[in-house]
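There are two complexes below, and they share chain A, which is joined by chain B in the first and by chain C in the second.
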Partner chain A sequence: MSLSHFQAEFEKMMNRDYFSSSIHPMRNEAFSKFNECGFPTQKWEDWQFTNLTSLQKDTFRISELKDGPTQKIDLSPFHIDNVANIVIYNGHFQKDISHFPSGINLMSGLDYLESKEWKYNNTYDSPFDLLNTAFMDSGMSVVIDENMTINTPIHMVFISNSNEPLMVNPRVHIDVGDSSSATFIEHHVGVSSSFFENGSIFINLEQNAQLNHIRIQSNSTKTISMANIQAEQSLDSKYTFFQYADGGQLGRLNMVTRLNGEGADCNLNGLALSKNNQHLDHHIITDHRVPHCTSSQNFKSILQDKSTGVFCGRTIVREQAQKTDSKQSNKNLLLSKNALMNSNPQLEIYADDVKCSHGSTTGELDHEALFYLRSRGIDMMEAKNLLTRGFANEIMNAIRHNCTRSFIDTKFKHWLGDEV
Partner chain B sequence: MTDIIEKTIEQDYKYGFVTNIEQETLPPGLSKDVIRTISKRKNEPKWLLDWRIKAYNHWLNMEEPDWAKVEYESINYQKISYFSAPKKKELKSLDEVDPELLRTYDKLGIPLEEQKLLAGVAVDAVFDSVSIATTFKDELEKYGVIFMPFSKAVHKYPELIKTYLGSVVPYTDNYFAALNSAVFSDGSFVYIPKGVRCPMELSTYFRINAQNTGQFERTLIVADNDSNVSYLEGCTAPQRDENQLHAAVVELVAHKNATIKYSTVQNWYPGDPKTGKGGIYNFVTKRGICKGDHSKISWTQVETGSAVTWKYPSCILKGNHSIGEFYSVAMANHHQQADTGTKMVHIGTNTKSTIISKGISAGKGQNTYRGEVKMMKGAENARNFSQCDSILIGDECGAHTFPYIDVRNPTAQMEHEATTSNIGEDQLFYCNQRGISTEDAVSMIVNGFCKDVFAELPMEFAMEAQKLMEISLEGSVG
Partner chain C sequence: MLNIKSLKASIDGKPILKGINLNIKPGEMHAIMGLNGSGKSTLANIITGRDCYDVSDGDVIYKGDSLLEKSPETRALEGIFMSFQYPVVIPGVNLTYFLKAALNAHRKHRGEEELDAMRFLKFIREKIKQVEIDEKYLKRAVNEGFSGGEKKRNEILQMITLEPSLSILDETDSGLDIDALKIVANGVNQYRNKDNSFLVITHYQRLLNYLKPDFVHVLIDGVIVKSGDMTLAHKLEEKGYGWLES
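On to the complex of A and B.
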């Protein structure tokens, strides 16, 4: 998709009458910035392993009202017990089948931005964040006041279903107030042909707030999925993130978490499963800006067939961020001769009284372990399955919601059953 | 504690002196004519001049890379003089060497005369581009080992040079390799014939002397089947205010069953300790290829000098069962910046590589490890182990680790681990309590930290390296 095509789509966007015009300056600014920097190429350090030509091949159009559901949406395949569903279909909010737990204040992204006088935390302008700002749909914002404990997880389901190449730019703001806590599950599913999803999520955790964020990326294998997540953390806040990704032709997670208040803790985990020609990519930045914070990055990939994977994690410890304790780990399992994994765990440290470690391993299943299992009468397939599940289990333990855990477990077993 | 740190930071550069020898220097500037002049002065054959010109043309179309995590004032390539040689030439014995020059070496601690007798090291000293004294010639000749200045080898063994020059680092490789290929002044050439174990450790000593001259030497080491060689390279440069560019190229070729061990101690002028002014830009391309099966290349480096270091000694493991090793200690004090590491490219089956990198940052120093491990498709059962540890001393320095890991073969196994820490108060307390002064304790801890690497250095260098670390770290406490 060429830049001129984006320009045409952008003009279409600007002419939509159901959006308030007060957002126009913001869109214009973002789009002109995007035009300046252009699409990332593999010459960019952060994009050297991610080939975006598939994105440029198709001409995506923005989602129109007519792309809404034509019949009742069957939610059963995405059903998770004990959650409140919020459904978004091809970028359109489905109010009639959405519920949300009491205590949260759900507003459209535009209302939210208006209430914030169009200011939001965005110091890291990636091209896809800019694209999202230029094209964002009305969006969803979850605002949780002070001292609230939201027990029912918010389950936001993003469904893509279209025969035409569509582009959606969902935008979510999550504000968790002082000493409040919540669980947020975003669930991306689809059966589309060619689809481009470029979502941005901005998270703000106030003092002592806690957010448990789970992301399930099971898009159709023809989807290009860009996820841009930025989180700002205040004093003593706690952010836990887990991503399960097995969908998308190209799936990339760009994540930046900034620890701005002392005592903040940030715990990021991810499991990527790829097969055929899939390319799944994790780009994770944790930025320690103040002393006494802890963070961890723990990402694993399991690769089949000709699939490729990338992990690029960076932990930055600024001069003032003394007494930082951070861990970074990336482990990858190659199940095929043609799979390729690029691992790039980086540390950038400017303070001296810190504890930082990182580790990375890539390899295949241990032959001796396989032999051990087979010598006890377990067949090859089952032995491989057992070991692969064991490999993934460590990271699955980071899912802090039992019903979601069992949902993901089932998905994982299904993936294994198909492939190993 | 801050006193001690400041004391360390104020440590002056020991080797900052200028030798007043008449030099024959080309005026600054780079053009085809300058290249022709260099080539003519050195009486080079036409094919080499053509190669230089090709490299120059390629260089003109290249852009200076900026991806490294270092900051420096941009280099004006027209302000550098590309050739500088001491005027006296064609010396028959050491006695004929300019006494001033010999004194320089004495100050550096490499008395040629004594080393000749005691150390058993043949020294091919490169003093601003032209080799002036080579020892132990006869002994080496007996074994058929060729160890001579590059410019001589071009005349004496043109076929060997033609075959191997640019075979590991082609002139198209990178910006600085292209520049070097165009203007390289001299360097060393080593050839170890089949089945020969080189009877002594070979050594060169590089030094940048004349103001505004870049040092562009080229080293080529070829180890034929079943041979073995250990090569030492030491570097120091005197104190200058303007930054000097050092863009060297080192190529190693190891054939079947051959082993090459390449050790470097680099102690170039790091720039003014307080302002960071001056100092050497050390932009070096070093690469070895394990061509034959069961061959081995081992890089060991101790980097304590230079204002900006940008260097990645690499191994291409092409032969089956070949081995690549990289042991490095990089120290960045004052305003020094180091972006260094290695590249291991596994192509053959059962290839193995080990990376041990120790980074020490003090003062305002920035130390970066950047390494790549690549397992190609055919690299069955390849194995890599990388360990990158950093110590931070003082709160204004930085330590960064950027490993790049590409695995394309599932039977390949790779591990990378890294830690960053300071010298713990409890460690110091433990030593103090047992009557060891804080200074000694730090020196002990840092030496212990670097032990894995120092153990890989040949005797002579190990001593020097340990001393260098002690000098530059005296009393530093985190």
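On to the complex of A and C.
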């Protein structure tokens, strides 16, 4: 694979005077590591079902100042009640329409890294994390001190809107201090005709900290969306994640959570909806490194037309991680004979006193249930939608913010073609 | 109401019904008794429109029209209801939502205004009392975690909600204890009047003692071999089916 195009863009990046030069060594190091490994190919085990050649087809360029908004941004389609909006447009932070909830420390990714002396938890630097570090251009970092309860969710809206092939590499660090709690909603939207978004989020939960993380991936269907999320959990911390994905030509969630402190609890959930020839992929690793932690992975996909999906979940239980309690479930609904799902739930257990379960099912709508509904006068179309919504409803409960839940519910009904 | 004329049907090439004739008039209750595999449920399924059967001969006429080409939902809207032998669990769809969708489909078909959530709740709260279903079940997924008896009471709840002209009770008595059986029978009896017809499919006399059908038919190997009144059911209970087979 030729990476020369990315080399040229990298040089452009390094010459932009609006990015601090103090970060150059870090960018250089990441980019040279990226050059060594290159983009994953389907020969890599973790990438066998996801073809990345489309990344090389379009000549994505970095976003310039001229790619900022040319008119007032209409936020109403992305409006969620009772949240504080932080808006990033084609990689440019929109200060005038952003609001920060009180009690949090917000800084740019660059300022954050500078304050940490360029150190972050890069245990699982994937090619896309490296690329993100080399090209990071936007995003905001959130630092919450000890004993803070942040009631207003932070709603970070990433809007992409361009006729030219753009690439944006948002970078977010979230540190939640001892016994603090917050809700973070990342929301990816846009109508771009060609777009490559490669976002990396690094989360640190201190002792007894709680983070409720919701990700809405509704990018344009011409978007390649890479989401790289890493979370580190300390003693008694609680991390809840829910992804709703209905956008992107190719969407991939690379997620690694590490349970480093006893009593940590990690619940990861996702609902992916694909149509036409969309491809939505989930690669989820939960790493139990100490005893007495609980975790769950619960992902569902609903596939129409010729769309394809991947779930690859791995729960690792290290030798010392006794009394681990973990559940893993992947259920998929194929609404078309031409849709294809690859499901691969894996357990990797080195401890002997643990409770772990996993399961996977992929199937069509239940014919008996369809007949039951129709025999009550409900027509075929509505019966199918009712069952499909029922399938999804079970997982919607994992959305721990009511306003976001009703927003997602409405989006889902639109996706189904229901009248709302 | 319903006129079944020399109906023959098979599944996967295997003949099940071998020429059924049955005429049900408005207000009548007919019971069909028979052993497992005699074709009782097949008959119910063909009337309600399950599509895995091949009808090779005969017809099913309901209110003057043939049913056979109609979709299950059309049949339901025209007044046919079946209480399922094995009610289906529908995960993630709560009972209230399901009942409201079904009722509003019927109201729309009848040219009546659809009920909104508030008015529906008021309506359904009255109905659940008749079948002694606790209100908490309204918030649960359809049939999820329901006991056998609760599932069957839920079927009768759907019947009195949708107000069909022809109700088919497919082994509604199976798996019911005596209390649940009385509740189910009460629900059915309250709904009986001079216009509503019933087809009750059962193995046993037990349910029929409460319902007192007007006619009893015995189905053996896809044919109705004998018809009569309740005394026929008593005789079957006493003597079994053996005396009819030869």
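Please note the rule applied: the second predicted complex is superposed on the first by the 413 of 420 C-alpha atoms of A that agree within 3 Å, B and C clash if a C-alpha of one lies under 4 Å from a C-alpha of the other, contacts with A are read in each partner's own complex, and residues count from 1 in each chain.
The working rule: a residue touches a chain if its C-beta (ideal position, glycine included) is under 8 Å from a C-beta of that chain, and two chains touch if they have at least 3 such contacts.
The structure displayed is predicted, hence computed values, not measured ones.
Novice: Superposed on chain A, are chain B and chain C clashing or fitting side by side?
Specialist: Fit - chain B and chain C, as placed by superposing on chain A, sit side by side.
Novice: After superposition on the shared chain, which partner residues are touched by A:77: those of chain B (first), chain C (second), both, or neither?
Specialist: After superposing on A, A:77 lies clear of both chain B and chain C.
Novice: Using C-alpha centres only, what angle sits at chain A with arms pointing to chain B and chain C? Round to the nearest 10 degrees.
Specialist: One gets 70 degrees for this angle.
Novice: Looking only at chain A, is it chain B or chain C that touches more of its residues?
Specialist: Counting contacted residues of chain A, the larger count belongs to B.
Novice: For A:362 in the superposed arrangement: first (chain B), second (chain C), both or neither?
Specialist: The answer is first: A:362 touches chain B but not chain C.
Novice: I'd like to know which partner A:376 touches here: chain B for first, chain C for second, both or neither.
Specialist: After superposing on A, A:376 lies in contact with chain C but is clear of chain B.
Novice: Who does A:392 touch here: chain B (first), chain C (second), both, or neither?
Specialist: second
Novice: In the overlaid three-chain picture, which partner chain does A:350 touch, first (chain B) or second (chain C), both, or neither?
Specialist: Only chain B; A:350 stays clear of chain C.
Novice: Once both structures are aligned on chain A, how many angstrom separate the closest C-alpha atoms of chain B and chain C?
Specialist: 14
Novice: Using the superposition described at the top, list the residues of chain A that contact chain B and also contact chain C.
Specialist: none
Novice: Over in the complex, which chain B residues touch chain A? Could you list them?
Specialist: For chain B paired with chain A, touching residues are 67, 375, 377, 390, 392-422, 478.
Novice: Where on chain A is chain B touching in the complex?
Specialist: The touching residues are 45, 319, 322, 332, 334-364.
Novice: Can you list the chain A residues touching chain C in their complex?
Specialist: It is residues 366, 368-369, 371-380, 382-383, 386-387, 389-394 of chain A that touch chain C.
Novice: Report the residues of chain C in contact with chain A in the complex, numbered from low to high.
Specialist: These residues of chain C touch chain A: 48-50, 71-73, 75-77, 81-82, 84, 87-93, 97-98, 101-102, 105-106, 109, 141, 158, 162.
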